[in-house]
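Would you mind keeping the following structure in view while I ask a few things?
As written, the chains take the letters A, B and C, and residue 1 is the first residue of each chain.
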Amino acid sequence: MTSGAPPSRRDPVPGWPAAAPSPPPIPRRPSAPVLGASVLGPLVDVTMRGLLGRRRILLVGLLALAPVGVAAILVVGGGLGTTAQITRQLYDSLVMTTVVPLVALILGTTAIGAEIDDGTVVHLLAKPVGRGWIILAKMLVAGTAGVMLCGTSILLAGLLLVRLDSPGLLLGMLAGVVLSVIAYTAVFVTLSVWTGRALIAGLAYVLLWEGLVASFFSGTRLLSIREYGLAVAAGIAGPEAGTLARDVPLVTGLVLAVVVTVVAFWLGARRLARFEISDAG
Amino acid sequence: MSQLAAPPSVEVSAVAKWYGNVVAVNDITFSLEPGVTGLLGPNGAGKSTLLHLVAGLLRPSAGTVSVDGRPTFGDPAVYRRVGLVPEREAVFPYLTAREFVRLSAQLQGLPIGTGAVDRALGTVELAAAADRELATYSKGMRQRAKVAAALVHDPAILVLDEPFNGMDPRQRLHMMSLLRTLANEGRVILFSSHILEEVERVAERVLVVVSGRLAASGDFREIRRLMTDRPHSFTLRTSDDRALAGRLAGRPTVSGLTFEDGRLDVRTADFATFTRELPVMARDAGVSIFELAPADESLESVFDYLVRR
Amino acid sequence: MATPPDLLAGSATGSIFDLGYHGYDGPRLGRRHAIATLFTQSLKWTFGIGRGGRAKIAPFALAALTLLPAVIGVGIQALAGPAAAKVNPVTPHQYLTVVQTFIAFFVTAQAPELLGRDQRHHVLTLYFSRALERTDYALAKYGALVSALALVLFVPQLILLLGIIFASIDLGTGLGEALPLVWPILVSTIVAAAFFSGVGLVIAAFIPRRAFAAGAIVATFLVLSGVVQVLVVQGRLRDPFRYVALLDPYALLDGLATTMFGGVGGNVTVTRSGIDPVVFAAGACVVAVVTLVMLIVRYRRIEA
């Protein structure tokens, strides 16, 4: 009985498997089933390309450098009182309250959020790569970019305003910025793994929680990343802290920030390990 | 592939996946062997969900999906042996094809300089355009880039979700012969499609999924034979159609006869008996049979039947 | 029986009928109608009407929040009795400043919704291949958001006016007090709605991703007011640097209110900068117009 179907491009010999010779093996380096540190390089690379190579980074840079603009205007146009005081004011109300959280928010949510959103994250997940390394790479890139942008910004602004008269203040502000950027970006990266609405959630946290609640209810102060940063800044600035001084001691702020970062990392890695990708994306 | 210690195995056992009230995959069991298996079904039948379950991207709500005896979900190590070509077009637009495949190689732990990247690009015929950004690629080229990235680590199991999407006929033929070649090397290949001709030409076995359930599996011709509650149609060319027809009309196994253009179409409910009786009747009538062919043994008619059940 | 479909090909024994697309040669409604439709649709969408339950949450919640100060103010006034009748903690003069954050949030929530989807899903091609011009599209969207925001702000102020009328000794005096406020309320609300919406829409026009656009708009408002506060309040700036104060959207709002209603405004930037509130009001108008122009230019040049 001949088949009525069109001739297929099958093996001429019916039956399976065909006796074709196998090609020479591709040499493989024996290694652990799941890859570790060696993937960090490529992951960081692709994240950097994605995060920093676009127009978006210009906007973030602009935002981060706003304090420098303010400092410049103050220096050029103002008849200032105590410059140290205005520096502290700038730091407290503009840098730590607005610029740092927003920069961290944009960098942190984009680092993995964009890939989850458009589905390219599957190319990272369908690989024998430890999920923690993926999260680490994202946090590293976002955190480093944030630290560089905001750190440079506060350093320049501080130098413009107080020059080298208050080195303790400068150092303190820098330390506070660096610490809070790292903690913020870690939290926001994790947030974007947990929810698709990470940007809104992050905004709510920054504006509502840190803006309103933590300012008014001193009991909740220990739950605000901004407080950690300010505590560290005040602690390092020592006598130059002035109005920045808080009740929260330096060590507490430092430890809590580290704890938050580590917990965020751990939660993010866990969630990513159980991440489900359906055909919708 | 000869460095494989054991042939790859994929076992899906009583697997179900639901999202709240919606059941996407419902109690499906099968196992895959080396060769090409086509996953077939209407849109929304659960093909993609099933593929994602096999590829370890979804957690089964019930049942198990295992590769080489280990569950696929939550185990990144499984990707050493599995290559996945996802359906979504999205790739990293700011990377070139070469960088994309190289990233895939690096994330697979391949040492640099083995030429695996170039080999993979060559296999999908992207070597010439490899240094352009993926954002500038057409849909078919992106598809090929994804295939190259999935092949770079020489996986024993290849899962492709609608791989022929967006490919022009020439690319499609190339991909089909590529899949066959890979299958001949002992790999397990599972691909989904809703285009019957593609599946018919490439796959040895099909899995037909309808509304989340497995409606049939195996060689589609065999499936056809098993569909006994539906009359089989045959086309005969003989030396004397009418004489044979006259004899056939009297047989209870024959449920329909049609003359057309020098052909005799016969419908029968009992395939086995008919095939025994036909030669006898032909001999008794003194009629020579030149050709006897099944008229509805295409995958299309099989599929049509299964979908409507 | 209906007329049989057109014959595509036919003979004595067989026919094929053309059931496909037939052109329409009748009268068409034209450009005005298209603009009006886009305007009303966008206005409805701003309130989430026609978009499902979830889309209604933000606009209606914000509308309720803007209503709250007015209701509370009038409520207190009513409860306190006729003796303390004139004491309303929320006067029409201050009202806009009191709800300034809600105005910003309304724009943050709705501007990306209005513009983002059309860009992301490449629907602009469809719009521009109709009678609608590119400028019309920009105008209709701008008009819709401004109208929506103005509506949200009018209702509470109307309640405040009613409160004034009914708190007076008699209707005549009440009307006499309330009526002069109508014009300032109209002007200040519309200009405020216009310049806030304009800023939000221009940002949203460049960022198709809705979440990012929202973040960018909020960031803009926050950073602008934060920067200016530090500069103006803390420093004592010389001319021309003092005019940095005009970058603060909330200062513009307060200056506008002060100009229309008279009296003294509450915004720190306005008072500390030493610049006449009229300048701020003018600044608000300028921003409203400039952002509209930017929006039009953006949509004339966008690729669709």
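One rule holds for everything that comes next: contacts are C-beta pairs under 8 Å (C-beta built on N, C-alpha and C of every residue); 3 or more make two chains touch, one makes a residue touch a chain.
Values in this document were obtained by computation on a predicted structure and should not be read as measured data.
Comparing the centres of all chains, each the average of its CA atoms, the largest separation from subunit B belongs to C. Legend note: the chain whose CA centroid lies nearest the centroid of all displayed protein CA atoms is A. Centre-to-centre separation of subunit B and subunit C, using mean CA positions: 55 Å. Distance between chain centres (mean CA atoms), subunit A to subunit C: 33 Å. Taking each chain's centre as the average of its CA atoms, subunit A and subunit B sit 43 Å apart.
Counting partners per residue, subunit C has no residue that reaches two or more other chains. Contacts with at least two other chains are made by no residue of subunit A.
Every residue of subunit A that touches subunit B in the complex is listed here, in rising order: 1-5, 8-11, 16-18, 20, 22-23, 25-29, 31, 33-35, 38-39, 41-43, 45-46, 49-50, 53-54, 118-120, 122-131, 273-274, 276-279, 281.
Residue ranges on subunit A touching subunit C, taken from their complex, read 56, 59, 63, 66, 69-70, 73-74, 76-81, 85-86, 89-90, 93-94, 97-99, 102, 105-106, 197, 199-200, 203, 207. Listing the residues of subunit C that touch subunit A in their complex gives 211-212, 214-216, 218-219, 222-223, 226-227, 229-231, 234-238, 240-242, 244. Contacts from subunit B toward subunit A in the complex involve residues 1-3, 19, 34-35, 48-49, 51-52, 55-59, 74, 76-80, 82, 84, 86-88, 90-92, 94-95, 100, 103-104, 106-111, 114, 116, 149, 154, 161, 173, 176-177, 180, 184-186, 200-202, 204, 221, 235, 291-295, 297-299.
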